[in-house]
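Per-chain numbering from 1; labels A, B, C, D and E assigned in written order.
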Amino acid sequence: MLANLSIHFPVLQVVVPLMAAPACLLLRQRGLAWGFAVLAMLVAFAISVALLYQVIAGGAISYALGGWEAPWGIEYRVDLLNAPLLMLVSGISAIALLAARTSIENEIPADRHTMFYIAWLLCTAGLLGILSTGDAFNVFVFLEISSLSAYTLIALGKDRRALWASYQYLIAGTIGATFILIGIGLMYVMTGTLNMADLAQRLPEVSSSRTVFTAFAFFMVGVCLKLALFPLHLWLPNAYAFAPSVVTAFLAATATKVAVYVLLRFVFSVFGYEFSFSHLPLQEILLVLGLLGIFAASIVAIYQTNLKRLLAYSSVAQIGYLILGISFANETGVMATLLHMLNHGLMKGALFLSLAAVVYRLGIAQLDQMHGLASRMPWTMAAFLIGGLSLIGVPLTVGFVSKWYLVSAALENGWWPVAALILIGSLLSVIYIWKIIEVAYFKPVSATTPDVQEAPLGLLLPMWMLVLANLYFGINTELTVGVSQLAAASLFGGAP
Amino acid sequence: MSEFGLFNYWVVMLLMMIGFYIVIAQGNLVKKLIGLTLFQTSVFIMYISLGKIEGATAPILIEGVTLYSNPLPHVLILTAIVVGIATTALGLALVVRIKESYGTVEEDEIHAKDESC
Amino acid sequence: MTILTTYISWTFLVLGGFLCISGAVGLLRFPDFFTRMHAASVTDTLATALIILGLLLQTDAWMVQVKLVMVLVFVLLTSPTASHALAKAALHGGLKPQLKIARGSNKAGQQSEAEA
Amino acid sequence: MNMETVINMVLLSLLVVTAIAIVRIKDLFAAAMLAGIYGLLSASFFVMMDAVDVAFTEASVGAGISTLLMLTTLAMTGRFEKISGNYRPRLALVLVALTGALLIYGTLDMPAFGTAAAPVHEHVAPRYLNDSYAEIGIPNAVTSVLASYRGFDTFGEVVVIFTAGIGVLALLMRAEKPTPRTQTPTASMHEHMVLRIVAKMLIPLILLFGLYVQFHGEYGPGGGFQAGVIFASAFFLYSMLFGLSEARKVVNHVVVQILAALGVLLYGSVGIVSLMNGKNFLDYSALSADAVHGQHLGILAIELGVGITVTTVMIIIFFAFSGRNQIEGEKD
Amino acid sequence: MFTVAAAAVLVAMILALARAFAGPTLYDRILAVNVFGTKTVLLIAIVGFLMGRPEFLDIVMVYALMNFITVIGILRFFEYAAESESADETIKER
């Protein structure tokens, strides 16, 4: 039975959380719903691990939904590029969901917990669907599933500003999605197909047409709105700052990564390296925006006193690094981007979960209330410390590995100044992380610090799972680096 | 209908841009959402125009007709309309809650209230 | 189809079209709300009935005929009802100036005076 | 120039005029109504473009549901837009002009409107028109593509609607409250006897029509989504005329929520059943020994799932909005 | 002959739309919307015959239905808004 099922893993990966969501509504009891959701996510995670090994062993898997072959039906396609991301998304979602039960106790009214878990499952399923699909329009549909549920999750935040943040995200996200829809429509006009592999074959014939150029432009702007690239990032800080803490951990670790994946997929697989980088000044645009993003966001982050907001700006900066890797337009650069997507997911997950613990005890993650917090919540702050070191890029953490490859990709192009700028950017992150560490570890406990205990195990365990993953993948880089290398090679090797 | 040429598309683009303008230029949250539906509906019109073949008929097969318009854009837009109403409903629900907790649905007043606290 | 039914159907269609336009002109040109309402709702119902009857005579397919009759019944039920509800609501709104709706109907009053 | 072209041009011009009027008008009630007209006009345009199914949906959604929802919201948030000077429409205008210029630029290489030889009509689409009848056995090619060839998109669509229902519920849900007994449910409709009598006649008709649309989708325009909206609209009518608390008595909200979930699950389980029978997810030919018959069964089942979810989610959304509205009203 | 009817209905639609823009009261607009909706119903019915496929009259039913429900909805929620607005005002006046 299991062997039989294994050929259906690409679709089960998405369908398990998707169908678990309405099933949760039937359970009508928040504890049960939580247990069921966790179970579904663990199954999804197991499937994603199995898929990754299937892909490593046997190459890309194509799955024809409804039994209709590719350009007529919708195809699911799992390859080296998306398999590790499937694992990241389902893994982080499962771990954050484990923490959710404890964390949302104080943040969300009890009667909304079931809705919260349902929206969570839907959001995960949407993200997984975007990753695995091989059909351009299907990307749009699942993008909307994940976005709509993300708006809901964010709006459930305690502060009223969560509502406003969610509304702004809704407007920005819908404009982005509509732009993507226009882009897909224009691609379809010129090729008559919606399947990505088919598009990749048929686009080169018409690549000199103005319509394809416009399609590319609209698609890119739409995706960049979704992934919060520097000048289009305005929705992100508020959304992350006011969302329930676990939601921030989940979205920061996964949602923007998935958008970066869509960018990579379309730039390299669908439009092709040739079109994206030879016909268009994409390289220069991405380079400038990436660098601007890193510096502007890091500098703003330094001045923040709300830690969730601080890390949100840091996320915008990290997206700059991801885009920078793409802008190098060489194999090492793309590999660094892929690696950093995984690694950044792990470290932001860990960081935001430790903040969730802080919020759980303190009610808010404000810098001036954290004097000497490390003595009160040693495990939580230790997790934060390791996550922070990883964010800076200290050796033996995942952050170091991806920074290393990013710098070497810059050097490969002979771009010394860019490599230097990356290092300076890391220094900026040292500043804002140090600011927190200093307060939590070296300031004496003051009157403003509430008298609190260590966070409960329900939060500590998931948090430390991610922290250990940060360390493990920082030391044993075989899997992540190996897969990223292969995936980057496949992107440059031609068809997906 | 070939007199249309590309003119048809240009009108649709104009419609899209009017909707887009409402979304980004207006300060009232409900008005923004109205603009958003306008924007989306106009994109739907673009898709449907793409599927039209001159002299063809609706893609519901009957005997004696061989030329049908393209059904695929219709299918895509059916899905997109549903996505559109889902977004509108959620957006309006947010507006209702914003009105309840801020007491206003004007963008600048909300900004002012956020800064003051 | 016989010549006679064709002629009858054409007459219905043309008459219906004429009523449509005259009703709409009334809607646009008449001085105040209630006269506009009168012009619109009376012709609306009749024109719809005429045009649908005209179409009914044009087809032999019974399914189409049934659907047309359904549409006719539906419109004949809803159109006057909607007008009635509207008129009542307007009257109600206009008669109680302490309600905010009064703002609208005052304007209408001023407008009609100005036009007269 | 034939009549069709004239109608197209008039409809397009009316769309433009309506859109501009919406930009300028400050009365949001009027703007919402004009948005309804915009939906109606675009639906008419879809009919001219041979997209009857889309016209069906747009008429019920664009002109119906979304207008109603906007009006409910406006009843709570206030009728007039604030006129303020500190917006910078010029910046927005520049941005919009740039985007528009890029779009126009993009159309320049597009095949002219209505060309049969355009690439859109060549690669994938012909198969749907030529083979769908043999492969699926129903005349409505749109339903074939929607429910079978691209059935997974439609699954996504149902989930989107479900997500919206969950979102609205999570945002607007109130803890169980005692229903106010003192307030007569009719207070706001001012004893509209005529309306109520007519509505009582209409509602069975509407429900019957919904059933017809639900099961006729394979042969003509219609299907689960449209039927769902029509069903829901009967409940809207009831709740608007007889009061929300009366309507809540007719449809219990727990049952409605369970049905919404069951609709999605029904759709999904059709896919699971095909998995169990050794075919791919949503491959309906696995449902019966005869492949075409299986497709038929599958489409019937998933359309039912769509219909159930759409009806119930629309009811959930509408009741959630009007529930807020009523409470707002009672405060006064 | 369908052409004549269609043209007449189109003209009526334009005039109704003009009234919907002009107002001046909301009731005028509602009236115009109602008339506009009925005319659209007629237009689509005629277009079905004009294009030779009159079997799609189901759409016409939906148009008529939605038109009715929208008008009822507008009246209903307008009354709500008016009531709560006037209530706001009386509170302010106090």
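Rule of thumb we're sticking to: contacts are C-beta pairs under 8 Å (C-beta built on N, C-alpha and C of every residue); 3 or more make two chains touch, one makes a residue touch a chain.
All of these numbers come straight from a predicted model, not from anything done at the bench.
Common neighbours of subunit B and subunit D, by the contact definition above: A, E. Here A-D and C-D are compared, and the pair linked by more C-beta contacts is A-D. Averaged Cα coordinates give subunit C a centre that lies 27 Å from the centre of subunit D. Rounded to whole angstrom, the centroid-to-centroid distance between subunit A and subunit C, based on C-alpha atoms, equals 56 Å. Subunit C and subunit E have CA centres that are 11 Å apart.
Rounded to whole angstrom units, the spacing between the C-alpha centres of subunit D and subunit E is 18. Looking at subunit E, residues 2, 7, 13-14, 26, 30, 51, 55-56, 58, 61, 65, 67-68, 72, 78-79, 83, 85 sit in touch with two or more other chains.
Subunit A has residues 137, 141, 144, 148, 151-152, 155, 182, 188-189, 194 in contact with two or more other chains. Residue numbers of subunit D whose C-beta contacts span two or more other chains: 4, 52, 72, 74, 76, 78, 103, 107-108, 110, 118, 120-121, 124-125, 128, 150, 153, 156-157, 160, 163-164, 167, 171, 190, 195, 202, 220-221.
In summary, the structure contains touching chain pairs A-B, A-D, B-D, B-E, C-D, C-E, D-E. Partner subunit E is touched in their complex by these residues of subunit D: 3-4, 6-7, 10, 14, 17-18, 21, 27, 29-30, 33-34, 36-37, 40-41, 43-44, 47-48, 52, 55-56, 59-60, 63-64, 67-68, 71-72, 74-76, 78-79, 188-190, 195, 202, 206, 209, 212-213, 216, 220-222, 226, 230, 233, 236-237, 240-241, 325, 328-329, 332. Taken together, the subunit D residues at the contact with subunit C in this complex read 190, 192, 194-195, 198, 201-202, 205.
Contact residues on subunit D toward subunit B in their complex (touch as defined above): 1-2, 4-5, 8, 12-13, 15-16, 19-20, 22-23, 28, 31-32, 35, 38-39, 42, 45-46, 49-54, 57-58, 61-62, 65-66, 69-70, 72-74, 76-78, 81-82, 84, 86-87, 89, 92-93, 95-97, 99-100, 103-104, 107-108, 110, 112-116, 118, 120-121, 124-125, 128-129, 132-133, 139-142, 144-146, 150, 153-154, 156-157, 160-161, 163-164, 167-168, 171-172, 219-221, 225, 317, 320-321, 324.
The touching residues of subunit E, when paired with subunit D in their complex, are 2-3, 6-7, 10, 13-14, 17, 20-21, 23, 26, 29-30, 33, 36-37, 40, 43-44, 47-48, 50-51, 55-56, 58-59, 61-63, 65-70, 72-74, 76-81, 83-85, 87. Subunit B meets subunit D in the complex at residues 1-22, 24-31, 33-35, 37-38, 41-42, 44-45, 48-54, 56-62, 67-79, 81-90, 92-97, 99-100, 105-106, 108-109.
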